[in-house]
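Read from first to last, the chains carry the letters A, B, C and D; within each, the first residue is number 1.
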């Protein structure tokens, strides 16, 4: 049964796509050349958001099915890296948007009221599905973001918030890591011992070096004590320790993966964590750069009595971060030479069959 | 009369935009996850093409109305720089597309037959309106590109070819440059004299330096003679000289602008020429990179008896260049110290009133 | 007199350049492969800083010689655009640096103590010469930055602080703008009248539209009153008005250039302002991205009792901004149709002689 | 034993680094502002080349020690990805260099004669160590590139050519792949059978579809025959088959890795191949863009009787490619559904111990 030949323009639905630009300025009989650019940039964003959500569909399915198979894991990492590439691209779209001057923007700015990027349902969905908790969202002008959505969009937004996010899936997947049981002891015990030994050696060096002035010696020793105390944040036995959003076992698993990343069974997990940090970092940069662009375009908004958009956006740059725990992990690394060696039997289990 | 409030999703026609992705693999009941990416990338291209055409609309109107006012000239240069920024962005989209592996592409590649990027009407229009002459287009598989278009697209494509292109407008605008008449003499005469003096001095140095071995001296002198001959390409009195696509007076005007770029009346013209070279260079790079991407994705196509896509694309990288004449100009510059000084009265006419 | 032939490696002093990498880890007998990358990245930064300072040398000379000639102005704008390109490049160097993982950094991190990027004299000089006032610098750990410099570096740093910065030169150059005198009245008077008329019309529309509910009407009118009040920040007769760092006449000149940018005599000035904003924005992004990178690399530093580096860097992102006034200007624009027309005689003085 | 405190400027040898710029124009008493940029760009290139060579040192050591351990493989892939990031960065340096106009370049161009980028020893070493065979190098002006090097540089260049290149190491490593033996049969046999079955099914569909016109049917069948013939290039029993530079077993191993990339033991190998293609592609783009830049800067060189630099560079873009075989592989893929399933015992050997 022969298929009908496919024509480029039909395949891409260009009739629909290229007729979807309806500048308000044209309707208002105003000549505002740059409104087309404004529309196209935002439509391009929305196309890419759709792609990101398409990737999240598969990532959630693969990562949410227990156990996560090797093939599934390969797809998850690949999809996250693709999301990262897309985010880098869309940050670059600001270079194009910034060819519009504030004075040209003014030609049509008021015609768009009160539309706002806050109303992008897809962007909200991406944040929520990655793991931005509704309670964490910074409200804008004392009004929760979702009040600004249409009823239909609000329903979709809320539904997304009720499913486990990528952050949740990560937390659970990390907590299942099979390599933390070191036969009797645990990785946590071994790492705690290693940390203590390492810091004790540091303290010993400080104490025994006559060249160090008394004042400096005391300061150094106090610092080492503080370091020991700070490490307790990862050794707590309970699961609601020291300000982490991840559970205690998840934190330990993430640390384990970071330290033993070159062992075969840790390679993909390590790439997964790296991809999540890349995504977090690029989204943060995007928010920040977006804030600067808004400031350049609108200045400090006057006369509306409300918060300024750029100040709000700048706040979200930090407060809407999702995988900050992974960045924080770096504080708890110790030098390679001090890291406990993997027990032979754990190491064996992390290798390939072929090598055995 | 109060305007209705605008909602983000309505303004951007998201219903239309986000329902325009209909993967062939879905219709065929095949699981080809990456087809969505393939569609989205190409739709994003087409959105940006629409924006480029929107800019060309204004550029042609401004640049085609004689005389070109200062305001119009400002808009033309601004529009060209924006096109350049857009081109840089779309080159970057290949980074995202390349996250699709050849093996994943194979999941749906055959379902798209015989659709092809050659069928992008908007891209053809951009090339034609910039100035790619139909006769210059490299045919693909002995078939003119426009045979691959639908009837409606072909008509639009041909209509575009009948209007003056940006290249044509540039040619005419350059030829009208009012500063080439140097009161009795012309810029051409003065520059010819300067070139001859400069090269004669070089020759004299070679002849009079006893440290230069005889063989090298002869070679150097032959080279200087060749240089003198080559310069005739810009001094010809007739207008169909030496392989330029631009007319003789346009070439001289472009040279003039390049040499006296800092005089007020030459500043925008110089930026115009630079923007055209930026566009030409970035489109060339894009074609070339596109060719590499196709090679990576498809390899050397086998079994169809036709040309390979990537070899064709690589050919167009050079042969579809439009503003190559501007690059060629660099061959005809002489050092700043040898450049003839502007006659006082020409210089005065190129300045601001305020300074007088 | 024949010149000696030049050899690539000698010209670039490669012997010196490529022997300037002396990893501390090598001296300490430690295998820390990535220290080479760390050194090379920072050396590449310093090379580019030297180039930026080289551009600033010429910019200061050109921009500081009164009157600034057309040629000089062309060079100033060109130099600023080049600095912007360099800044974009060096931001990109973080992509390379981030291929180093925190765990690999730990292999040599402690060996570098207490060296720190804060000790880059050239970066401090760039900030200071652009216009970062010493008093504005955020201190780090209650210690002025310059205390961390060696004596020689500190002297160079202080000397730079005593010369007029680019910000100062800009302030003075703007204040000299010759087009603010509109024959009897001033641009300021005309613009104030235009703003008042524009806002009065807005108020009238709000008052006379029966469709607007009472509560919204009152809110709208209050906002318009606030807007009128806020505009006073640019209409103050004295020169120490409303929190601007620029003088009052400089602010008005910058506003004038923004509004009449397409008039020939305003084109280069407009490009100048745009280039300064580009530089400010890119430096800000760089600082912010740098802060994120440090957080990723080091986490929240523990045990030293000091501030964390990334929090400090994040603070400087905003507080070390230099040309924020130019961004703020956007708040004081009114729509094109409301902008007062240039008096014929001012317009004539801003045009080219040739057109007259 | 306390270490001496490290100072930023000393650590980076800034005295040496920042005194290594000695413009020829300064020596000649000429004012050529942009020569500093020219020097700095090239010095930055050379710094990055040193880093690339530093990575190649470790990659060669790790990849050349048999067997390649898991840790070593992790480092190899990581190092290649870093080289790719560096290459992307240095391509971007052209954006900065292109802020120099041809006319400004002319201020010092002749003073550099006959120095040339061809004399960059480090760049030659990178090409050679990656695998560019001396015999493949395109000669410039009928003169082998190495004749242009100083005696010392030429010796270093030749020595590098005598060691196994990365290409050689890849070839040998691929040929050792342990998974091609499918118990009695080989992967090659299984894949040949699958290809034949797949194409036979295609032929059957063409033959049995009455809707296909006779002429098209014959053409389609001829194409399928040609496809069958073309596949012989990967099924040849001998090792010098069909124009591959890789050995026959290496080609089959590369194909195997491409098809079964998600199996644990194939993941790093797949990333290795992808990284090599990324490097090849980015170096090719760089050469091509470099050629365009030279054309823009110098035009078509006149009067020297030699080849033009940009034409030469453009030629090398294709002819100096090293890992073209990996791109060619895409021609020999068949759809996922037609790919032979891995025998259970091979699949088991490619998994992790932990899963068993």
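What we mean here is this: contacts are C-beta pairs under 8 Å (C-beta built on N, C-alpha and C of every residue); 3 or more make two chains touch, one makes a residue touch a chain.
Please read all numbers here as calculations on a predicted model, not as lab measurements.
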Original post:
Is the number of contacting C-beta pairs greater for A-C or for C-D?
Top reply: C-D
**OP:** Average the CA atoms of each chain to get its centre, and name the chain whose centre is farthest from that of subunit C.
**Re:** D
**OP:** Starting from the mean Cα coordinates of subunit B and subunit C, work out the distance between those two points in Å.
**Re:** 32
Subject >> Centre distance in Å when subunit C and subunit D are each reduced to the mean of their C-alpha atoms >> reply: 39
Subject >> Cα-centroid distance, subunit A relative to subunit C, in whole angstrom >> reply: 29
**OP:** For subunit C, jot down the residues that touch at least 2 other chains.
**Re:** 261
Subject >> subunit C partner contacts - residues on subunit A that touch it in the complex >> reply: 101-103, 106-107, 110, 219, 222-224, 226-227, 230-231, 258-259, 261, 277, 281, 284-285, 288-289, 292, 295-305, 314, 317-318, 327-336
Subject >> For the subunit A and subunit D complex, residues of the former touching the latter >> reply: 1-2, 70-71, 74-75, 178-179, 209, 211-212, 261-265, 267-268, 348-356
**OP:** Going by the contact rule at the top, pick out the subunit A residues touching subunit B in the complex.
**Re:** 3, 5-9, 11-14, 16-22, 24, 28, 33, 36-37, 39-40, 42-44, 46-48, 50-51, 54, 58, 78, 81-82, 85-86, 88-89, 92-93, 95-96, 99, 111-122, 150, 153
